[in-house]
Amino acid sequence: MTESTPALPQRPWRQRYHVAAIGWTLLLAVLLVLSSLMTGANFGTFLSNIDQFLALLVQMSHPAWSYLHVILQPLYETIQMAVLGTTIGAVLAVPFALLAASNLVGNRLLRGLIRFFLDLVRTLPDLLLAAIFVAIFGIGSTAGVITLAIFSFGMVSKLFYEVIETIDMGPLEALKSVGATKVTIIWYAVLPQILNQFVSYFLYTLEINVRASTVLGYLGAGGIGVYLQRSLGEFNYSATAVIILATLVVVLVIDGISNHLRRVLL
Amino acid sequence: MQTTLENHPLPHLFWRRWHWLLWVVVVAGVYSWAIGGLHFTGIQESAGSVSRSILKGLLHPDWAYVYNGSGEDLSSLILQTLAIAFLGTFVSALISVPFAFWAARTDQHWAHLRSGSGKVVLTLIRTFPEIVLAIMFIKAVGPGSYAGVLAVSIHSIGMLGKLFSESLENMDRGAEEAIRSAGGNRSEILTLATLPTIFPEFISYTLYRFEIAVRSASILGMVGAGGIGTPLIFAIQTRSWSRVGIILLGIIVMVLAIDSLSERLRKKLI
Amino acid sequence: ATSSTSSSSSAGYTPKQLTVEFVPSQNASTLEAKAKPLEGLLKKQLGIPVKVSVSTDYNTIVEAMGSKKVDVGFLPPDAYVLAHKQYHDKVLLQAERYGLKEPNDQATKEMVNYYRSQILVRKDSGIKSIKDLKGKKIAVQDTTSTSGWIYPAVEMMEHGVNINKDGIKTVQVKGHDQGVLSVYNKNTDAAFVFQGARNIVKKDAPDIMSKVVPIYTTNKIPNDTITVRGDMNAKWQKKVAAAFKAIAKTKQGHAIISSVYGHENYTDSKDSNFDIIRQYDKKAAQLNK
Amino acid sequence: MQATSTKPIIAFHHVNKIYANGTVGLKDINFEIPRGQFLVVVGLSGAGKSTLLRTINRMHEISSGEIRIDNEPISDYKGRALRQLRCHIGMIFQNFNLVNRASVERNVLSGLVGYYPTWKCVLGLFSAADKQRAIQALKRVSLTPKIFTRADELSGGQQQRVAIARTLMQDPKIILADEPVASLDPRTTKDVMDTLQRLNREDDITVIVNLHSVALARQYADRIIGLRAGELVYDQPIANVTTADLDRIYQAN
Amino acid sequence: MQATSTKPIIAFHHVNKIYANGTVGLKDINFEIPRGQFLVVVGLSGAGKSTLLRTINRMHEISSGEIRIDNEPISDYKGRALRQLRCHIGMIFQNFNLVNRASVERNVLSGLVGYYPTWKCVLGLFSAADKQRAIQALKRVSLTPKIFTRADELSGGQQQRVAIARTLMQDPKIILADEPVASLDPRTTKDVMDTLQRLNREDDITVIVNLHSVALARQYADRIIGLRAGELVYDQPIANVTTADLDRIYQAN
């Protein structure tokens, strides 16, 4: 065994001096400094005023449980809106996601168009959607459901085509090799593979929608958000706490169902 | 080849074949409750003229608002929104790492309590409305985009912590095992195996969350925590649709640009 | 929550930099999220740096004034009453606007420091008076809204109609424009809105003035306030008040406050101007029991 | 062992395959496969074995030359005709390619989709006779007791046998198997290879198998062909195959 | 081939391992491994081969019995002492377990973790001498040209050789290899097994390998032991091993 040093490969100087890593770090630092300047961020101010931050938390730490019966109905309404909105959005998302997946659709142009459309939908702020649909459908659940449906559509379709792109192509090949049509292939080989992911993303979106309704209420799209705003307007933070906790329970339940279903469907 | 049934009786489980019916009933129940519980408003009498004027406004955006040098135009507010989202997401990503380790369910038994409590805390943070957080921070640091940054930093922990902890749960533990078998201790395993393995996924989630923060920074504007949200809300409230149009256009351009940038970054990372 | 008995001395808080935040009320139909012009004007008057910010929600202003992060707030009357109660904030000025008169909410030449609330119905509905509202559906604002709930509800009671009984169904809507539209679209039979709210939807529904008309107009409601932190020293309170008044007098200043906030002028105000609001609040609270 | 004098079921004429990125997959391949033969293809990794197999049922398109099945050139088949062709060629994959979440029965029945209209497939409306055939197919691979089990609850060898049963449903004239026993343990390997041999002998199905293991190749093949860098470098009936020959195929160039 | 008369480096005495869920991993295992032996462990999937290997460096804890290394019982080792023990035992995994995104050099150097204080490892402050050793280790597995390449850009066989180089950095007395060549092609398999053999012969490292392939076992082992359902059912020096024996190990009970 000779101890001579074998010839090592040459590294370009960019690699030897970690140019990329240093460059990225610098860029990050510069961006951070710029945004701190722009937003006037100053950690000291926050620390010295932390008691003011906590003041509201202290008020919230005594939830006014009697408020619960007031918000139960709007909470149901929130869930109902979220369920319908998410369902409509998710169902519409399926065909679009299939068409946007690069491993199912070879046609780049079609895929590009579909993706651009989906991107566009996702950029629409839900606030604006809510405002427009309130203007069209008036105050109430219809506007809320449609807003949530569009929001869910944008979100689910993206999550979904990303999942489709990671499926095992083996079963698709197997079906192709027995002479199956496209639709059959999707039905037999694609859908079963993504079903549990679909369910879990559906529930994830549902959860987001339940939370989103606290914001949508601000614009009159119904649900618990109206009461959140009212409690804040009355400086009634113990009621705010009840609203938050009630929402938390709903979200935890959805989370629990999601975890359970994921295990069952795995 | 005769029938097989005598030598290999087919397993026939009634429950197994029909349990999906139960699911159908449950799901149908949920939906009838959801549909029955809401009262739907139809299309309004004013819908026609309202949508027409909305459409007209959106199609004739208020171009003068794009830049007017006052520092309160679309371009400066969009920049401000980006700064809020960027700084907020960055801080949030840092804080989320310990939260993720707290909430990740690893194989030990005692971990259930730890990860369970971590998960509930993360859910609470996620559920805590951004608006309320913003009010709390405005109380602490005054109105303006700094409060927005803080609100985004804290609120994003809820989601980032969850995503991070899930990727910790699902990661390939091979490299960790290798370091352990070579005699590494906990911190060596963490820094030499766990973090390098998980790093790209963390970055990718952070970018994803950044995109969301950009979009939702408009919500913060409602309470005066900075960004493009305030003028958007005002424009909506006063039904100035051409102003809404230009702001929307700005948001679309900004989000599309961010999306494609972060998409490219993410591809590079993985 | 500091006690503020310092109004007569120069003791108390002396601002080095003045922080101003406002919530535009919907009465101004040319609402803009503009802060910079006012910053410049105030700075010229006061000689210290001024920071102006905008919010759509007065809760943040009250809370930020409570935590001494905001020195001056533009608050609607109901918010002022709450702020005074919570943090002893002090009203300096009230805004003045041109008065409105019927029909069709025409602007008068007279400057007033109050506004009113109206009950709107469709002209073809056959509802002529408050009595006809029994058994009907009414669009209202939040229960904290002065013009969208408290004044009209209390005055209806005085006319013998209890909004929470008498078969009346209330629908809470968000924004006075929505109230107007819900009547226009026949979703509700009536709506409580501030006088002039129909102007907001004029662009979207040009025939609004002829289709939707008021059947009742309430008493005067005090206009928006300019309120300062309770612990600000008296000298500075005077200085701030003077500055705002001076701005409203100059041509350039007037143009800005008028176009951005819908304010035409400022007059001195005192806390007792808002006792009327407190009375109405009390009555409304009884009504809700 | 079958006579090599019968009319060929598959014939390659000057077949070339160049991948889009310029890689040469196959280079001027010429040979014929008689009906009922058990043909084993050997070669280094990347030699083109999978490529060769996949051109036969047009899972890959060839760049030039001609492949004939039953004396028909298959290159022009499109849509329905192509699906009909594939109907009669079974394919078995190294990693089984079952739908993991579906039951064994459903996986086996999916071999029939080429014979059913799409809407019947989607609704799962298979005739009772065909369900009976699925049971028979499972019986031939000794898996009837697992009929309602989910595919991912089976061991590797069992999964591969499900894949074979799926192929049997197609009533194939040809079975293509691409490294069907890599990653299986020795006993399961024997199981699977024996099953293939039985199909070849009992039903006279032509079987073409890619194998990495020379020992297996010698044990089961009627004939061995060797590929290297896309070229056919070896072609002998089993009687003439020597160890030295095989070693040579495995030498890199 | 080493004499079996030297003092054993590893000794199992009545070792039992029962998993938390009740599965019996090992059942009353008794045997000794002399220093410098090349031992191959065979057995069906699930027989307990991995379990056996992993108890040696305490990646798994045993339930009862005793394992001695260099005549020291290892069960009580904790913290530092345990890490010291692991320092001198190299482990090679079926799926390599490299940090994919790190360079080959860094992966190899990570074998030194047991020898360096934590903070130096974390900051990557390895001595020049150790960097030189890493180059030597890579040379022994013929991978020096790839030293700055990212691990995930290597082929499977190359990755496994990086894993071996990492193990060499530990300067191990024992190498444990858990199916190091499953999923590798024959030529790469030979590469990897030859490397292990060289380490065994040249450096007198005791090598214990789990293998699925009987052919490989016979080719490289000094001695073969067989497990079935957690029990040691076979133990013979290579000279006495017959094909019939091995077939018997693979029979299910």
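The first chain written gets the first letter, and so on, giving A, B, C, D and E; residue counts start at 1 in each chain.
We adopt the following convention: a residue touches a chain if its C-beta (ideal position, glycine included) is under 8 Å from a C-beta of that chain, and two chains touch if they have at least 3 such contacts.
Each chain and its UniProt protein: A = ABC-type phosphate phosphonate transport system, permease component; B = ABC transmembrane type-1 domain-containing protein; D, E = Phosphate phosphonate ABC transporter ATPase.
Note that the structure is a prediction, hence the values are computed from the model and not measured.
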Chains in simultaneous contact with chain C and chain E: A, B
Of A-B and A-E, whichever chain pair has more C-beta contact pairs: A-B
Centroid comparison with chain D (C-alpha atoms), farthest chain: C
Length of the line joining the C-alpha centres of chain A and chain C, rounded to whole Å: 37
Averaged-CA centre spacing for the pair chain D and chain A, given as whole angstrom: 44
For chain B paired with chain D, centre-to-centre distance based on mean C-alpha positions, whole Å: 47
Numbers and ranges of chain E residues touching at least 2 other chains: none
Two or more partner chains touched - positions in chain C: 57, 59, 63, 67, 69, 175, 181, 185, 187, 204
Residue list for chain A, restricted to those that touch at least two other chains: 49, 52, 55-56, 135, 138-139, 218-219, 232
Chain B to chain A touching residues, read off their complex: 30-31, 33-35, 37-44, 47, 50-51, 54, 79-80, 82-84, 86-87, 90, 119-120, 123-124, 126-132, 135-137, 139-141, 144-146, 148-150, 215, 218-219, 222, 226, 229, 232-233, 236, 239, 244, 248, 251-252, 255-256, 259
In the complex with chain B, residue positions of chain A that touch it: 28, 31-32, 34-36, 38-42, 45-46, 49-50, 52-53, 55-57, 76-77, 79-81, 83-84, 87, 119-120, 122-125, 127-128, 131-132, 135-143, 145, 211, 214-215, 218-219, 228, 232, 240, 244, 247-248, 251-252, 255
Sites on chain E touched by chain A in the complex: 132, 135-136, 139-140, 144-148, 202
Chain C-touching residues of chain B, taken from the complex the two chains share: 41, 44-46, 49-50, 53, 70-72, 131, 134-135, 138-144, 221-224, 230-231, 233-234, 237-239
Complex contacts: residues of chain A adjacent to chain C: 49, 52, 55-56, 134-135, 138-139, 217-220, 226, 229-230, 232-235
